[in-house]
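Next come the structures, one after another.
The two complexes that follow have subunit A in common; it is paired with subunit B in the first and with subunit C in the second.
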Partner chain A sequence: MRRLIFLLPIVLFAAVVAAFVVGLGRDPSKLPSTMIDKPLPVFDLPPVRAGDTGLKSADIQGEPRLLNVFASWCVSCRVEHPVLLALKARGVPIDGLDWMDRADAASAYLVANGDPYARVGNDQPGRAGIDLGVAGVPETFIVDRRGRVRYKQIGPISPDDWTHVIAPLMDRLRAES
Partner chain B sequence: MTAEIGQFALILAFVLAVVQSVAQLWGAARNDAALMSVGRNAVLLQAAFTLAAFVCLATLFATNDFSVALVVQHSNSAQPLIYRLGATWGSHEGSMLLWVLILAVYGAAVALFPGTLRDTMRARVLGVQGLLGAAFLGFLIFTSNPFSRLFPAPLDGGELNPILQDPGLVFHPPILYLGYVGFSIAFSFGVAALIEGTVDNAWARWVRPWVLASWLFLTIGISAGSLWAYYSLGWGGWWFWDPVENASFMPWLLGTALLHSALVLERRGALISWTILLAILTFSLSLVGTFLVRSGVLTSVHAFALDARRGVYILGIIAAFTGSALALFAWRAPAMRTGALFAPLSREGGITLNNLLLLCATTTVFLGTFYPVFVEVLRGDAITVGPPFYKITFIPIVLPLLLVAGFGPFMNWKREKALPLLRRMIIPIVLGMIALVAGVIVFGIGRPLNILGLALGVWLVLAAKMILIRRWRIGEVGIGEMARLVRATPLAVWAMVLAHAGLGVTTLGITGVTAWQTNKVLSMNAGDSLALGRDTVTLQSVQVVRGPNYEANHARFHVEGPFGERILISERRFFPASRTTTTVAGIGFGPLGDTYISIGDQDPQGALVVRMWDHPLVGWIWAGGIIMALGGMLSLADRGLRRVALKRGPRVVSANPEVQSQGAVA
Partner chain C sequence: MRRFAALIGAVMLAAGPAHAVLPDEQLKDPRLESRARAIGSELRCVVCQNQTIDDSDAELARNLRILLRERLVAGDSDQQAIAYIVQRYGNFVLMKPPLNEETWLLWLGPLIVLIGGGIAVGVYWRGRARALPPLSDEERAGLERVGRSDEI
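Showing the complex of A and B:
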């Protein structure tokens, strides 16, 4: 019986190594989304910026748009932020979903780092994010003119992602009738 | 030429590491003094050649040799010399070379200063150390060669990540690695003891200085890293629960546990197999940290080298070393004696509780860090864990730990009675209670974490002071007698007092900044001023200045407070070579708190976006870390003095009488 206790560390360790081996094989950017080709779930979020209207799912249609899920506590979002600002400067419409975050913290974050968003909604309870199948922040959904999700980017958008994946897709979506 | 010399030195070091491990382990098994002495020379030569390789790489960076791929990627001729040298370890390959160098230096230190260590034990320790060296030198040579050439050579290089172009880069990684890698010695000692099948108080006496040294470097390294993040990342946070921060924090937590359990083993001969297990796990967490940064299994701001093949190699190293060590543990440790008994309420009992809480805290951080990996493996979808997770899991474990840390030093070894213990500690208990009540009044009952943080911080500092007050018998004896008692206080006592009080200071700092920090964000034109905390802040001027390899928006603020006035400079730097922008915050450090100003973009009308924080007590967080490290240094100094003063025969605790007599002879 006593020997079994001494076996415990190595058994636990083996389990951890097995998880790492599986984890190494995955590519975080290739995760499938259950949302692809489905309409956005319905949400109506309060504003982040003072005197703003917030974000409704019904707002996100009419033209291909990016829906960027972010949070002021998220480190990778800060890495992604300059890319979003550059996209905004090029006229790409981006909406922001501030996930599991306090509105005042997010508002301060946008003031300090620049604000790339056309509309921003605060989802402090995280409900809308869960409906969207958000796994972590940042994530970006590409929504077509009819309000359907067409692509999901997991993790920060790098300039490479933009040129090789997202920009061509946006062009295609814009050409769709 | 230099690159080829470095490459050659690296290969020689690899061969010598293999020689070292074979000669030492085989020599120890046959008790062959000649073979062990061959092994010992191999240790020193391996360290010399690894150092040579490192010097070669630094030379390549210093002389701008752009025929070497690594130099091209991380340095250019406009980069100041200090950051060209810093770039030596600012890249994946270079930082792994530093890792291997420090491993070799620790091995050489054991070979050169064995103290009373018996020959076979030393040989086995160095043998295991040699295996580690060979594994990581192999990793360097086969997957991440720092000396690869480029043809044709470009005229100028790229750039070291501008966030890393900071004095922090020069000090932070080497100090952190001295801590991280230092735990390899504890690991090797643990494995050597398992191979020999015997552990005695002397084993703990040998291993403790190495654990102490690693722990104190890691303490300084983590504090410095946190300070660096605070002033350079520009949003005033000092801890982010980032996977890579966690990677250094986990070995620190478990190393703290090891430090305490080794003390019990040294003084009382108890917690034998537990201490060995901690020694194995602490270094394994250092390895896991390396894996974490190098593999891309988790993404983080620190992950500057993401390569799955390297991840596989390091995972292989972890599986081989930790796996074999734990297998050895499962096989050999049950045969070792359980060690001396103690009552639950005793100093040993207190340290056991400390160990269990630290282990739980480490597990929490581990789960939080790797949760995304585990959940994805089990459920197939990914999630991330943010600071809120740690707030509800880590902190509730740490609070009782802080409470126990105050009591520990007042307990007697072996057994203790509750009432006399409480009576000895009546002053800190009462004052801690007063702090608790004061906390309720100041913060209101709705903020229990702030209240408990304040009370426990005060409690820890006072309980640590109380050790000295009792020892010096303040109020009981005359001034002359007291002066004698102060002089006679051993360094070890000072060490414990400082380490525990430092923890209290850090706790107070964390509480202060989380409870009272305020911030303001606004657009300012030159001449505007506003009130922040007790200060008045005025933006004096904004101008564009030029640095050696960047252009900066340079804002000058005048800050006037109750303790005088000062000028704070905040910059936003643009590095053309890599087209990145960094923020250098203007920080007015003060004993009661900091004024922290970082600037953003300028709008078309010329107004500057300014974000300011008032951070009460934030400096105490790092001051506490330095005080703790100071405690570690005094403890090391104490051991050095005492080793000269007395050489007692080791008391042997082992499974069978045969080994016991062997140990006693040695």
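Showing the complex of A and C:
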């Protein structure tokens, strides 16, 4: 029995290693969102596309929708862009929040790369993004039919993220009354 | 020469630590500005995570500095201004995390290790004292004999 005490340092060491494996394996840029289960903050953003209406927070409800935060200067948004176009082709409603960007630059970006968005608003001062707790682009919020944020994707949506995380969640949200 | 040295000295004294806070962001009221600096040096930039928003050149940090100053001008207390940003980005933005159920191990960990180590050392010392009882008469005599012997 007394011998067992000599195993204690080994057990403690194993616990520390386990804590490091879990802790260091996390991506520090993925911050937990404070927005989950809360209604979208109120915003009313000017349009990006010429002759368009822009984006109001009140528009984002009625059915589960994606709110994609992007910018024309953002490199990983270009990686994500084809995925968004494919989702649009499948009928997924996506709204765009053009963050800390010039509207004319974003408009040119959508003309050049295709336009997956139902509505797009320009947030050059970045306030709507800050109210949403956006730390970088792209980020995508999944908003339920009552206009509450239910999930936040940090970084580009990969086809894998869509199939395994977002699509099942959208199905569940559609089934909610 | 002396004047020149004095000038250099004065310039060096005037130079503070480098900050990213730009002149166009600063408030005219020095009291508000100094409160904004105190808060800004406690808030983490979420883009470059080991810098404060005062030290960071990131565009988002600049926007947060401006936002913070707007809150102070609008009459927020320091606590209210900090809460405004924490509400959006979470406790992570506080350079000094608050003591709560998620962080108790971080705050109390060193104390736990210190107490645990103290107990371990105490147990070790007591064990050693018991493991070495004083020599019996017989042992002492034996030792004497060995010490007197010329054989090696």
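In this text, the second predicted complex is superposed on the first by the 149 of 177 C-alpha atoms of A that agree within 3 Å, B and C clash if a C-alpha of one lies under 4 Å from a C-alpha of the other, contacts with A are read in each partner's own complex, and residues count from 1 in each chain.
Heads up, the rule we're going with is that a residue touches a chain if its C-beta (ideal position, glycine included) is under 8 Å from a C-beta of that chain, and two chains touch if they have at least 3 such contacts.
Predicted model only: the values in this text are computed from it and were never measured.
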Which superposed partner A:G114 touches (first subunit B, second subunit C, both, neither): first
Which of subunit B and subunit C A:F20 touches, first, second, both or neither: first
Partner chain in contact with A:G136 - subunit B first, subunit C second, else both or neither: both
Subunit B versus subunit C as contact partner of A:G126, first or second or both or neither: second
Subunit B versus subunit C as contact partner of A:M100, first or second or both or neither: both
Partner chain(s) touched by A:G62 [first = subunit B, second = subunit C, both, neither]: neither
Which of subunit B and subunit C A:C74 touches, first, second, both or neither: first
Touched partner set for A:P168, first subunit B, second subunit C, both or neither: neither
Interface residues of subunit A shared between complexes with subunit B and subunit C: 28, 31, 100, 133, 135-136
Interfacial residue positions of subunit A with respect to subunit C in the complex: 28-29, 31-34, 100, 125-127, 130-133, 135-136
Partner subunit B, residues of subunit A touching it in the complex: 2-3, 6-7, 9-10, 13-14, 16-17, 19-24, 26, 28, 31, 71, 73-76, 78-79, 82, 100, 108, 111-114, 133, 135-137, 154-155
Subunit B residues within the subunit A interface of the complex: 235, 240, 242, 273, 277, 280-281, 284, 291, 295, 297, 299-301, 308, 311-312, 315, 318-319, 322-323, 326-327, 329-330, 333-334, 370, 372-374, 376-377, 381-384, 386-388, 519, 521, 581, 598, 600-601, 609, 611
Subunit A partner contacts - residues on subunit C that touch it in the complex: 46-47, 49, 59-60, 63-64, 67, 87-90, 92
